[in-house]
Amino acid sequence: MEWALDIDRRWIWAIIFIIIGAVIIHPLGLPITVSPDTQKFYDTIQKLPEGSIILVGASYDIGAQGEITPMVKALAYQAFAHNLRLAVFDAAWVNGPKLAGQAIDQVAKEMGKKYGVDWINIGYKPGSSTTYQLITQDLISAAKNVDQTGQSLDQFPIMKDLPKVDKDHVAAIFAADIGSPGAGDAWLPYVSQPTGIPLLVGSITMSVAQNKPYVASGQFAAMLAGSRGAAEYEQLVGHPGAAAAQQDGQSLAAIYVTLLIVLANVAWLTTRKKAA
Amino acid sequence: MGFLSLLAAEAKSPVWGIFVPGQAGAFIAVLIFAILVYVMINRARAGQAVREIHKIAGLEALEEAVGRATEMGRPVHYTMGLPGITDPQTIASFPVLGHVAKTCARYDTRLINTVPDVVVYAINEEIIRQAYLEAGRPDAFNPDDVRFITDWQFAYVAGVLEILAAEKPAAQILFGGPFFAEAMIFIEAGALAGAIQVGGTASTSQLPFFVAGCDYALIGEEIYAASAYISKEPILTGTVVGEDFYKFLLFAVIILGTLVATFSSNNFLATFLKS
Amino acid sequence: MDWGILAGAICTIAVWTYLADHQNPIWELIQHIYIGLAYGWSIGYYWHTYIWPTFTGNKDSLAAGQWVYIIPIIAGLLVYTRYIPSIAWVARYPLSLALGWGAGYVLGFTPAVFIGQLTNSFYDLWTDSVSGTINNWILLLTLLGTVMYFFFTIRRDANPVMKGGVWLGRWAIMVALGAAFGNTVLYRYNLFYARMHYILGDWLHLAGG
Amino acid sequence: MRKEIPMILTVLAGLFVIVAKYLFAVDQLGWFTTANRMYQVMYAMFFLLGVVSLTIVHGKNIQRRRSKWIYSLILLICMYGYGILTIQQTVEGPQANWIYNNILNPTDATIFALLAFFITSAAYRAFRVRTREATVLMITAVIVMLGVAPIGDTLIHGWNNVARWFMDVPNSSAMRGIALGAYLGSFAVALRILLGLERAHLGGAGQ
């Protein structure tokens, strides 16, 4: 079995191209069941009164858009269908508001929602923890009164209902979580905990395990557990999209990596026995 | 909507007190912590005996890593991941960087430190310069070996991969954090270069790779004990001892709270702590 | 022909050349272009969404009468003195301020989150359902074990309680790290899937389903 | 002067935040909001440090004609060129946006997605059942992986729930244990800063 230990890793990599390519050309479409966590996420938003504002904390980067953007899109579908309003903001990830803004813009155009009335992109503002805290005291000041493109914020009607991020003006926060700073160490201590606004989290698959204690304690009101959670959410919202398609890739990836681990260890154990 | 917000404003009419409402429990928790740590520091200052920290293999291994690089005549690469000056993990990494830099200066081995954050970059350069000075080798310090790359994660990754490929370090130290996806790429690249790797982070999502990929790994809180462990300074050790006492308290609170939760439907302890 | 998608596809494939050879000129080129663009973008972004409005905006800016901002602006600019060796130490002023401020934030805000985690660890050890009771016992014991694993001043083999706790804690940590690893694998593949979909779907129009 | 004043600034800034956050009377004065605004402006002024550093590093490369200096030149041209373009037409301008969407975004996303390859080869080459701990780590990883992906449930009905139990019970409490420890560690570091015990940032290595 020594051959297995000496394999050039580029063969292992080539197979990744083949299996993921194959599943894109011929999707499997395996059925998925909706988990209680995702159902709770959906129900929480569904229960918000019409017209209320959800702050979209776009704490993510270009690299994570493959998982977070589908969540933001599905959120926009549900929120707009339910006549909720969205405000995009972040103080830690410079690209996040741009990416989330693009996704929401697409859905808004499709559903006839207007920028500045039904949604707004306040953009990224520097300052990290300080700025997260400052928006709970004075949002316009924290944003220096300009949106993503540099236009004055106070000319938009939605901002009249959003002078600051507190319980009276914001019904819920959706925070993307791709690690640190993210939902657990920025949005929770500096925004959600001081104001008492429920924190809904869209976590990348990688962070799900470490976010579980916060879901258990209720500090995260609900959480989308990575791409699987996003796919379940897309199913609930009725717009299956990128996340649903990714599930086939996940299935093959799980099998492939499992087989590799087994092969490598069998090979390692047999050669070790021979050496002994 | 307007009426509702008016009602809400009414409900929040000022209740005078010492603490901001809802913050008393948190304040007391911090206060007890501060007192414990302070008492332990004072004991240490007064020269009284302080408990010792048990052996932490990962920190002992730093010397071994630099030694290996010296034998092979190749540099050491030190990274803090994607640090930020206000992040405790970053702060915990500074003394370790100083220690590694001093060791490198003594062994006359090149230390390459790559940084993706401008503020931390400024600090790191100071720390390394100072370490070389303290080791009596100020001339050996090369400011170009402390490299700012960019604050964009994968631009940083791209830059570091280039440096790793060009410099072929014999030892790689990934300490502090916060670490994100770049950690695994560095560990893989380090393994490819045959480097001895020492890691430590409290960034939980990256810990599996540290445990699986590094020769030595510090898990979570262990990194915060590093500065005390390295310096053997009784005062810093005192803070770690204070922490340990606090953990006993934590233990007691959890067990007490569990007993209350099991035998009573009204958990007054939880209510008190959240007040 | 969508030139944008074509450009994106070329960039995507250029990055993949890294897998064949990690020092090839295509990779070198794309990586430097990318670093330059990444930083260039943030210059324009900061400029229009924060820096310029701080000086000339119609609210909360110098132009709107907030002259007091002169102080933090100068304090912030002091950080650039580090490029002038003779007065480089001046840069420590704003940095020290930032450090103390950050420490204050840690002690001011995270304890409330900490308390929330703590009060959720008061488990009911005798619930109505058998599975709930068993789960709560497991939750409590593994939590205590994990905390014991991080005692620094008590030797791990000091007494049977410590030994048992650390043993349980280490197993629990390994299970948690395994769960984290499994999730991470899937995460990486999801991102790769998105890139492959860009090439096979958006560019070549081969995606089925 | 060079070390004392920074030390005092550190302590004052830290104490101010704590007092303003916890004490009711200070909270009512609204000083914290003012201070936050000022701090934000100061922090924002740091934004050019990166540009300056990159210019110095790569400028030196070009000046001294170091190997691969041509790439440094390309980097600086891209940085300043794109910087000027985005200042001129904002980041949402037509050309600026085109470059972002069709060069920057695909490149960044693809570099990030390279991790799928590294994690696979790492799993193949580094993960061995050397110890019982490593065995547990791997078995859990496989159970969870197959449980999160729909394939597990398709192969064995109910696998999904097994994976969720692992995530919700042992994983959850161990993660909480790690987090509680990390919180305490971070409090201790913050406290050491405010007590003046941690002063590496002032240039001293350790003590």
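List of remarks:
In order of appearance the chains are A, B, C and D, and numbering begins at 1 in each one.
One rule holds for everything that comes next: a contact is a pair of C-beta atoms (placed from the backbone, for glycine too) under 8 Å apart; a residue touches a chain by one contact, two chains touch by 3 or more.
Please read these numbers as outputs of a predicted model, since none were measured by experiment.
Here B-C and C-D are compared, and the pair linked by more C-beta contacts is C-D. Set against the C-alpha centre of chain D, every other chain centre is closer than that of A. A straight line joining the Cα centres of chain A and chain D is 17 Å long. Measuring from the averaged C-alpha position of chain C to that of chain D gives a distance of 4 Å. Each chain gets a centre from the mean of its Cα atoms; for chain A and chain C, those two points are 14 Å apart. Residue positions 19, 28, 34-35, 38-39, 42, 45-46, 48, 50, 54, 60, 79, 95, 98-99, 101-103, 105-107, 109-114, 116-119, 121, 140, 143-144, 147, 150, 173, 176-181, 183-186, 189, 191-192, 194-195 of chain C are each in touch with at least two other chains.
Contacts with at least two other chains are made by residues 21-22, 37, 39, 43-44, 46-47, 49-50, 54, 90-91, 100, 104-105, 108-109, 111-117, 119-121, 123, 125, 127, 134, 137-138, 141-142, 144-145, 148-149, 167, 171-173, 175-176, 178-181, 186-187, 189-191, 193, 201-203 of chain D. For chain A, residues that reach two or more other chains under the stated contact definition are 13, 16, 61, 63-66, 125-126, 128-130, 133, 141, 148-150, 205-210, 213, 216, 226, 228, 250, 253-254, 257. Chain A makes touch with chain D in their complex at residues 7, 9, 12-13, 16, 30-33, 35, 61-66, 98, 125-128, 130-131, 133-134, 137-138, 141-142, 148-150, 205, 208-210, 212-213, 216, 225-226, 228, 247, 250-258, 260-261, 263-265, 268-269.
By the touch criterion stated above, chain B contacts chain D in their complex at residues 14, 16-21, 23, 26-27, 30, 33-34, 37-38, 41, 85, 88-89, 91-92, 94-95, 97-99, 101-102, 118-119, 121-123, 126-127, 129-131, 134, 144, 147-148, 150-152, 154, 157-158, 181, 184-185, 187-188, 191, 202, 204, 208-209, 211-213, 219-221, 223-225, 227, 230-231, 233, 235-236, 239-240, 242-243, 246-247, 250.
Listing the residues of chain C that touch chain A in their complex gives 19-20, 42, 45-46, 48-50, 52-54, 57-61, 101-102, 105, 109-110, 112-113, 116-117, 119-120, 176, 179-180, 183-187, 189-197, 200-201, 206-209. Touching chain B in their complex are the following residues of chain D: 21-24, 27-28, 46, 49-50, 53-54, 57, 60, 108, 111-112, 114-115, 118-119, 121-122, 125-127, 134, 137, 141, 175, 178-182, 184-193, 195, 197-198, 200-207. On chain D, the positions that touch chain A within their shared complex are 32-33, 36-37, 39-40, 43-44, 47, 90-92, 100, 104-105, 108-109, 111-113, 116-117, 120-121, 123-125, 127-129, 138, 141-142, 144-146, 148-154, 160, 164, 167-168, 171-173, 175-176, 179.
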